[in-house]
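Given below, in the form of structure tokens, are the structures.
Two complexes come next, and they have one chain in common, chain A, joined by chain B in the first and chain C in the second.
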Partner chain A sequence: MSFIPGQPVSAVVQRIEIHKLYEGDNLILGFSIGGGIDQDPTQNPFSEDKTDKGIYVTRVSKGGPAEVAGLRLGDKIMQVNGWDMTMVTHDQARKKLTKKNEDVVRLLVTRKSLEETVRQSMMQH
Partner chain B sequence: MMPIDRLADMEEKLRILEDLNMIYIRQIALSLKDSDIQKKIDYEIRMREGACKLLAACSQRDQALEASKSLLTCNARIMAYMSELQRMKEAQVMQRVARRSSDAGPMDDRSPCKAKVAISDLRIPLMWKDTEYFKNKGELHRCAVFCLLQLGGEIFDTDMVMVDRTLTDICFDNKIVFNEASPGFELRVELYSCCSEEDYSAGNTPRKLASKLSTSLGRSSGKKMRGTLEPGACSPTSNGGGAAILLPVPSVPGPKYHLLAHTTLNLSHVQDSFRTHDLTISGNEECSFWLPLYGGVCCRLAAQPRCMTQQMMSGCLRVKLGGEPQGWTNVYGVLKGTNLFCYHQKEDMEANVEPVLTIGINKETRIRAAEKDPHSKAQNICISNQYGGEEVTHTLAADSREDTQLWMEAFWQQFYDMSQWRQCCDDLMKIELPSPRKPAIVTPKQGALYHEMVIDTSDDIGTVTDILARRIEEFELRAQLGSPPHWMSLFDEDPPRSPHNHQHLPPHSPSPCHRTPGLLSSNASLTSDSDSPVSVSPCFRQAWSPDTSSSSGRFRPRTLSLDAKLSTLRGRGYGGFRCNCQPPTAGSGSPRPTQTALFCSSSTSSSSSSEGSNSQESDLGFSRPSGARRSLRNLRAKLDPRNWLQSQV
Partner chain C sequence: MKRAAVGETQSSVSAAEDLQTYSRREWKGNTTKSLLIRKGYEAIASEFNLCRVRGDNYCALRATLFQVLSQSKQLPAWLHDSDISKWAKEMHSDFITEWQFPFETSMSKLQHLEQCLELLKNKWQEAVQYKSLEDREHMCQHVFRGHDEEYELLEALKFLMLRTAIQLHSDMEKGSDVPEFCWLLFARDSSKCPKTFFTNHLRHVGFSGGLEQVEMCLLGYSLQEMIQVVRLYKCDTEEFITYYPNDHKNASPLCLLTEDDGHYNVLVPKKSSKFDAYGRPKWNQSSGGQPSITTCL
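Now for the complex of A and B:
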């Protein structure tokens, strides 16, 4: 997930569709995010490249909508409902996830294990 | 008498006491004819003074924590040396007494050999509760911890580790080797911790803000604050330590470490693999330095007795090989570890040639002196071992009676050592020699560079240069102590690609930075993959080293006069200093006036901080926090780039 300046960034992504859940009169997704272009990227325990200022999943509530949909700890969120998440501030990211009139969010996430799986399956051919 | 006078009087008395004590110590050392301990004590006292000065001079929390750790270690070492001095003096006196009295019988008690004891891979598991996570959402409760290890007269400290709730274990990578341990050794492991919350350091906060904060803090944080202000409340030891009686320590303001847990390890804990030992925990949840320890410490404690690593005895022997009764072969025997190696000749051993014969010497071996061989003058030595079910006996002979006696003595000593060192003599335990200690560089993991400079908004250039001059003094002081500040590495001619080079410039590509790509590429050589929170715009680098880059013409410093002043300072041969020059962003309503940094045209930080102050609270999934203090705290937390915010969605 690290990039070389001048080269296009490519990543293996997975689509995850999370249906929000009502908790009281709040809609929740059941996970926590960390990161953002206004945050200190070196404190991100999940990123491979410590200058990566992307949005990462730092906690997934057990049995919550996110876990059920397939979101995992350490995933990097690339898009939310079509909105880019790789170059946003922490607050912007949170806002895109918590829009009150939406009850489904479709995420594009990437994680190291996805790349490994693809690489291994490619090597077999 | 005025209280101030009384204080000065006390200090004077303490100083006199200190001088008298030093004279006393020197006398003892002289009478023992041991200048070694004297030198060590002198050295530690000098180190301690240096640490005190550094503590008083430094402004950064990290430096203060490191200096406080050195102070604690110095104190502990001084205590240890003093007690050793006392013991030696007592032993000398006892000996004299014994000699004067009736002749003691021949001293035939053996002393076991010494060993190298190594402790490594210390790991202390933590046990965070769920409630800890939700309690202070924006602020990470951080503690600085380190371990102090003491065996006999040797004291070592590990590196300092910052602990917060994202850590599940405290890991110390240090490998520590003690060289002179006896079988009855006691290795004392002590874990010290110090709360590291910025709000509670008395030094940085200006008075008005401090009073506002102290009156407006909530219950739990107020309790913590009170805890730090009264160190006596929940800590048995503080910076002064027990050495206060003999060598009073001036109490220095700054972070104080408290003993959090301790344990004592001995020979029964030595094993060639990792083991978990129980920790005795002092302090309770109310203390500021508290950490939820699981209650154990995992480590590898290995010991290498000298009898296993060194040649205990060597010399020429004759051994009966084969079945012939008369077949004596001359060999060169070496007794080492659990074997007696017999080489053709001495040179073979040095050349690492395989020995002709290897006889095992272990707990099961039986050695006895045989009857006198009618053909030789000396007695034979018979060594019997059990190989499988069979008993195999080797017969050896030395050249003379004295040699035989020496060999028997060596075997007895070997058996004695093995019985004393027990499991350490079964097999040789590997001990890695610790790599030479890295210089104590304070890693700026928490702060960006612009946090190092503390300037009030109303200051002018003159004050800035004063601060710079102070920093240069501090740098010189630290240079004396042998640890160059991390920012000096930027001014090396060839920027080293070592992991210590923290001052790299990360590829700034996607940010709305109006730097030309040319500038970035010229700095590409400094980029490395190591950690660095420093996101200093490359523009300033150009101003400082016009000789390294040709594109300095493209950069126009915001404040020309400041730049000129700083260059003259540099030209005078002082170490350089980095400063970001731009008038502080007004109107952001920054609630941290003491740390108003001068940002250097790096628009990302300023734009996002103004955004941050406009946005709503980030904990949407929860009930909205009410009250001015909560929002103040959250706002402060959000604007502080040192925290890595996490939001629940």
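Now for the complex of A and C:
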């Protein structure tokens, strides 16, 4: 777990390494994304800040490469293989995740936890 | 507060139904709350179906147990390596004496707890040997009938939670590393140590109270599972999906749903093809027709 400079202290990130899998001729990751700077952020149920146009994990296939790697529904993707994902269009995000010559993608994600929510509120006192 | 009754049959967990259909039926109207809850249902409707769980104070335990039995592919190491019915004798007698059962028993409380633990191990072993979904579902229908057997399994889960709480508290006192939720569990005035945790909280679960969030973490940790809960009233916040506990890696989470952190239902995966006829990942429009797409990768 590490902190990204510039993010609020409460944002703790996880490193997720996904090994893509061949399903027929397709290399799949086993998850879906929503969001992007060209998308409507009010549709995103995972974020409180309705101006947040980040990329979120909207589905995770059971037993798929992403789930096995520890990616979870609702995770916000901050980086893919070092590329920032906080200010990208939906299609740019898709492209960074689906490069044909890469069979491993390394993500930085943030995820809220109960423990973290309470720790935050304790830190305010 | 909406609670779904499971109907005239004895089944404690209903057959799977479509989430959108359920959502539109239960949450008509356009209050802020209805719109929020329906938005939450819609966010996950393409991925899951809903199994309604009997709405008593055991529902969180029941929903979790259902997922454990219907999804485990193998016996977890902690269960495999132990004769868990012996754990009842190792438990301090104060806890045993104060134990409440939801049914009559002619045995001693100790003996009955041993029986509950034995039953849990047997049922889990039975579940993992079924390879087909149909056989598993059949087994679960048989377990979740509202008979004593179901409640014995639920009481066994409570016992595991107690045993784990005692172990974790002991580790905390020694200064060993413990999961973060432990601090929260024992920070409550009513639950400063395992004894008060049991007397004030755990022994009443199923009777006058359900599980609080931090106790969901204890349940998940006790089973070495990660419980993923879709919390509909938290839609549009970062707590919409909450993990209990949040630190169990590489596990396939047990998926539950709650509208209010009070009643829990079960989510089962919906079978769908991820690719269209040309082998391209499917793009889905949200039903509002707004520019908001989800891309399958």
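As a working rule, the second predicted complex is superposed on the first by the 105 of 125 C-alpha atoms of A that agree within 3 Å, B and C clash if a C-alpha of one lies under 4 Å from a C-alpha of the other, contacts with A are read in each partner's own complex, and residues count from 1 in each chain.
Heads up, the rule we're going with is that a residue touches a chain if its C-beta (ideal position, glycine included) is under 8 Å from a C-beta of that chain, and two chains touch if they have at least 3 such contacts.
Values in this document were obtained by computation on a predicted structure and should not be read as measured data.
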{"item": "Clash-or-fit label for the pair chain B, chain C on chain A", "value": "clash"}
{"item": "Touching partner for A:T89 - first (chain B), second (chain C), both, neither", "value": "first"}
{"item": "Which of chain B and chain C A:G70 touches, first, second, both or neither", "value": "second"}
{"item": "First (chain B), second (chain C), both or neither touched by A:D25", "value": "second"}
{"item": "Which superposed partner A:E17 touches (first chain B, second chain C, both, neither)", "value": "neither"}
{"item": "First (chain B), second (chain C), both or neither touched by A:R111", "value": "second"}
{"item": "Which of chain B and chain C A:T51 touches, first, second, both or neither", "value": "first"}
{"item": "Touched chain A residues, chain B compared with chain C", "value": "C"}
{"item": "Touching partner for A:D103 - first (chain B), second (chain C), both, neither", "value": "neither"}
{"item": "Touched partner set for A:I33, first chain B, second chain C, both or neither", "value": "both"}
{"item": "From 80-88, 134-142 or 332-340, the chain B stretch with C-alpha clashes against chain C", "value": "134-142"}
{"item": "Residues on chain A lying within both footprints (that of chain B and that of chain C)", "value": "23, 26, 28-29, 31-34, 38-40, 42-45, 50, 58-59, 90, 94, 97-98"}
{"item": "Chain C residues within the chain A interface of the complex", "value": "39-40, 43-44, 46-47, 179-181, 184, 213-214, 217, 228, 230, 235-246, 249-250, 252-253, 269, 274-275, 279, 281, 286, 288, 290-297"}
{"item": "Complex interface listing, chain A residues touching chain C", "value": "23-26, 28-34, 38-40, 42-48, 50, 58-59, 61-63, 67-70, 72-74, 90, 94, 97-98, 111-119"}
{"item": "Residues of chain A touching chain B in the complex", "value": "5, 23, 26, 28-29, 31-40, 42-45, 49-51, 58-59, 87, 89-91, 94-95, 97-98"}
{"item": "In the complex, chain B residues that touch chain A", "value": "166, 445, 448, 506-507, 509-511, 529, 531-533, 604-605, 608-609, 611-612, 615, 618, 620-621, 641-649"}
